[in-house]
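First, the structure itself, so that you have it in front of you.
By letter and in written order, the chains are A, B and C; residue numbering begins at 1 in each of them.
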Amino acid sequence: MLKKLTALAALPLAASIWSAAALAQSKEPVTIGAIEILTGPNNKYGIAIKNGFDLALDSVNKNGGVLGGRPLAIAYEDSAGNKDQAINAARQLIGRSKVPLILGPTLSNEMFAAGPVANERKIPIVGTSTTANGITAIGPYVFRTSLPEADVVPVTLKTAQQKLGIKKVAVMYGNDDAFTKSGYDVMKGALEKLGIETLTTETFGSKDTDFSAQLTKIKSLNPDAIVVSALVEAGSGILLGKKALGFPEKVRVIGGNGLNAPKVMEIAGDAANGTLVGTPWFVGKSDPASEKFVDAYKAKYNMEPDQFAAQAYDTLFIVAKAINDAGAAEPEKIKDALGKVKYTGVMGPFSFTANRDPAETSGVVVIEMHDGKFRQFN
Amino acid sequence: MLAQQLVNGIISGATYALFALGFTLMFGVLNVVNLTYGVYFSTGALIALYATRHFGWPILLALPVAAIATGLIAVVIDGLLLTPLRRKKAPELASLMVTLGATLLLYSLMTAFIGTDIQRFPPAAIDPSAIEIGAVRITRSQMLIVGTAFAMVALLLALMRGTRLGLAIRALAENPDVARLMGVDVTLVTFFVSFVSGTLGAAAGILIGLNYNAIQPYMGEAMMLKGFAVIIIGGLGDIRGALIAGLILGLLEGLTAGYIASTLKDAVGFLLLVLTLWFRPVGLFGRAAAKRA
Amino acid sequence: MPAFLDDFLFSYQSLIYSLGINGLLALSMYVVLAIGQLSLGQAAFMGLGAYTSALLTLKVGAPFPIVLLAAMAVPALAALIIGAPTLRLSGVYLALATIGLGEVLRIAFVNSELTGGALGLSGIPEKAGYTIIFGSLALALIAFVLVSRSRIGRAMEAMREDEVAAGMLGVDLPRYRISALVVSAMLAGLAGAFNAHVSSFISPNDYGFDAAVTILSFALLGGIGSPFGPVVGVVILTLLPEVLRPLHDFRLVFNGLIIVIAVLFMPHGLLPWRIGRTGARA
């Protein structure tokens, strides 16, 4: 039985050696792993992240690779958004491909499943898009470069309070999704802290399309704004529903990270106007490094990057720097180097806190949707 | 607020009913739970989307063309999957399983080619402004949904009760073997029913896509869960029952979210479903109308 | 342990575990299919088992054997509640009602503070291992082989072939149906408990409709002539995507295709032989 399984196992192994050999220039490449959602319903996130990695990878390898001329390579594993596949991918990257570091996985849920595996084997794992609470509490080998919602949402709400004089709001959140639920928890805390009154809290399912019942109730309570934790699909639906019910124009939607996507404006059209979100990065950011990234991304992929691509792009440089600082492709050394790394990328200055979360929040900007484009609000 | 909530409930109820009509018709006449029905819902919306977007067709042209095209796809799927099983006189669960497999196959193929990003009809497809009657607002696409749902029920009932074709369909629903002996061309009528049902599913997908602007391959799957509740509560195969059950479900959901708690909104349908199964498994109105009328 | 074997076991541990867990799930599907019924609630029963066991471990600190028993008892209760009204009716009702069950449970898990809502439960200790998972699978297989050789097995087969005739021959249809559903729910619950205790994290969306359909495809590929069929189906459907990468991306397409082909062209699956019946053709 075992013999047979070994034979089966050899097949993909042979394939990966072959493709790695084709990639190698002169020296043996340093291969790190990445677990992202490349297929299935949420693959838009994984693909944006992969694009960001690949763009940065081109640049790293064009400039001499890592560790004195060794090319850097990424072995991608698809998690399909499924936690069992994410665990499987982590185990195979560690046990079979022997990667010294793993990037990803895409969703917080997947990190809760795959993080403990990497942590147990003392392999650093770096999330670039996992914003839920408790991610880095999994263990000392779990890092993330994405600002948790807890750092972004309070800035958004505070800006809205100061600039728009918002006093009472209605809250809506998707209660069947880990990302939107944990976004809501942060909103609730931030609203209490800022002394903004919550008139009502309404929930919906992430696959819902009809929000009229909740919105009708909210309209009858006359809030100054609606605070929404939703993904793109439901978020767009809420904006359209709000318009259909004829809310006064001054009642804006204030969103979490889920609404921080150009897709929302594409779907909701002018119903999205005035929507506020906080973001660690946005495509219109006036900063030379950021503009260069946007141009390169557009040239390579023929579309605009989103924050997931930007975070992935910076993360790959951060990781490459840590590998160089470590002086060897060894997990323990890379982990220590990650803890000390300082880097300034398209999102601004970056370093890790002692808890392996991003230390800098100065890069957070509040942006506003306006006629199909994001523009700076604060 | 109450008036608007009632209108909201009627609109979403009409949405459920419109979706459930073709589904329950297929069950009532052909005696199969055809799970590929959700695929027709998505396919119709996607075809109409491409027609309006790439050929610039107006929605009034795209809707019937996409609906008819989907109806033909439904006939092909029926011919490939269900006709062989009917010939073999396979148990009814075999047909449920085969459509289950086909559903998974078709959804994943669709997503492999076009992804799962939501898309919408061009904003110019329908005038988005709402009409205000007192404190109540209703948009054109919403009126279209409610109007179509009622019109389709009336049309279907007229077809079933008032025409020779309807007689043949009812005979088929009652007993295919007897119908054949009575001179009904069973194959032809079966295909006709599949066609009508696919057309209805597609039309529902297009109208609902037009209203909620969230078109993607899996839109049918999300709708299926409500669809099950509606056709069981209304009685499997009961056309009038589907309309009434849809409206009841929509209204109860709206009122629950508006006056009790939105967390319970989704539970309403399934609570009704469980109560129906326990106390009145034949549905609100008893025996399927298609068989009785 | 030599290093390469250690690495091998580490790399493929979750794959090997899922062979065992999926094997139990496939058998849970088999019991129901074997009497000619269809349940699409296997994933829901699994989820009930997973949550029951995880809560008992995390919040109560109950010993693992007790946890496993409870993980079988709770889904069994759910099976009784849902089976009692629907099993009196035609098979379609059970199929639809079990889909409903999955949805009701998802809503309950999502809305309950106790179950961690959409965030699920994390940090579940790894208490299940090779011995208990594959031991349970072996026990279940042996039990099913013994049953299928007995009078009960013949009655079940008669029900699958022609329910009306079976009823006239004195088979107590309602009792067989409800017993099969309860046994099936217990097996799925056990599989769920193992799943929770090897993957450290569970959330409400892990036990949805797709999971239920995948379980069905295991059983249909292998065939339900004997309890070995579904297990063969599991081995193929779990390992094949690992070996053939393109299959990995089209896993769902492939599962769907298998169900279609199995129903249309090979109603007896890959393993058409029946226990104790070599010679008799279907």
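Operating definition for what follows: a residue touches a chain if its C-beta (ideal position, glycine included) is under 8 Å from a C-beta of that chain, and two chains touch if they have at least 3 such contacts.
Treat the numbers as computed from the prediction; the structure is a model and nothing was measured.
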{"item": "Contact graph of the chains (line, ring, star, complete, other)", "value": "complete"}
{"item": "Which of A-C and B-C has more C-beta pairs touching across its chains", "value": "B-C"}
{"item": "Intercentroid distance (Cα basis), chain C paired with chain A, Å", "value": "35"}
{"item": "Centroid distance [mean C-alpha coordinates] between chain C and chain B, Å", "value": "31"}
{"item": "Chain B: positions in contact with at least two other chains", "value": "112, 263, 266"}
{"item": "Per-residue overlap in chain A, given as positions that touch at least 2 other chains", "value": "39, 175"}
{"item": "Contacts with two or more other chains, residues of chain C listed in rising order", "value": "107, 111, 249"}
{"item": "Residues of chain B defined as touching chain C within the complex", "value": "33, 81, 84-85, 90-94, 96-98, 100-109, 112, 221, 225, 228-229, 232, 236, 263, 266-267, 270, 273-274, 277-278, 281"}
{"item": "Touching residues (chain side chain A, partner chain B) in the complex", "value": "39-44, 175, 202-205, 207, 209-210, 212-214, 216-217, 219-220, 232-233, 236-237, 240, 243-246, 263, 266-269"}
{"item": "Complex contact set, residues of chain A against chain C", "value": "5-6, 8-9, 11-12, 15, 38-39, 78, 80, 83-84, 87-88, 91-92, 94-96, 98, 109, 112-113, 116, 121, 132, 134, 174-178, 180-182"}
{"item": "Complex contact set, residues of chain C against chain A", "value": "7-15, 18, 106-107, 110-111, 117-120, 122, 199-201, 203-206, 239, 242-243, 245, 248-249, 251"}
{"item": "Interface residues, chain C side, partner chain B - complex", "value": "36-38, 40, 85-86, 88-93, 95-97, 99-100, 103-104, 107, 111, 209-210, 213, 216-217, 220, 249-250, 252-253, 255-260, 262-264, 267"}
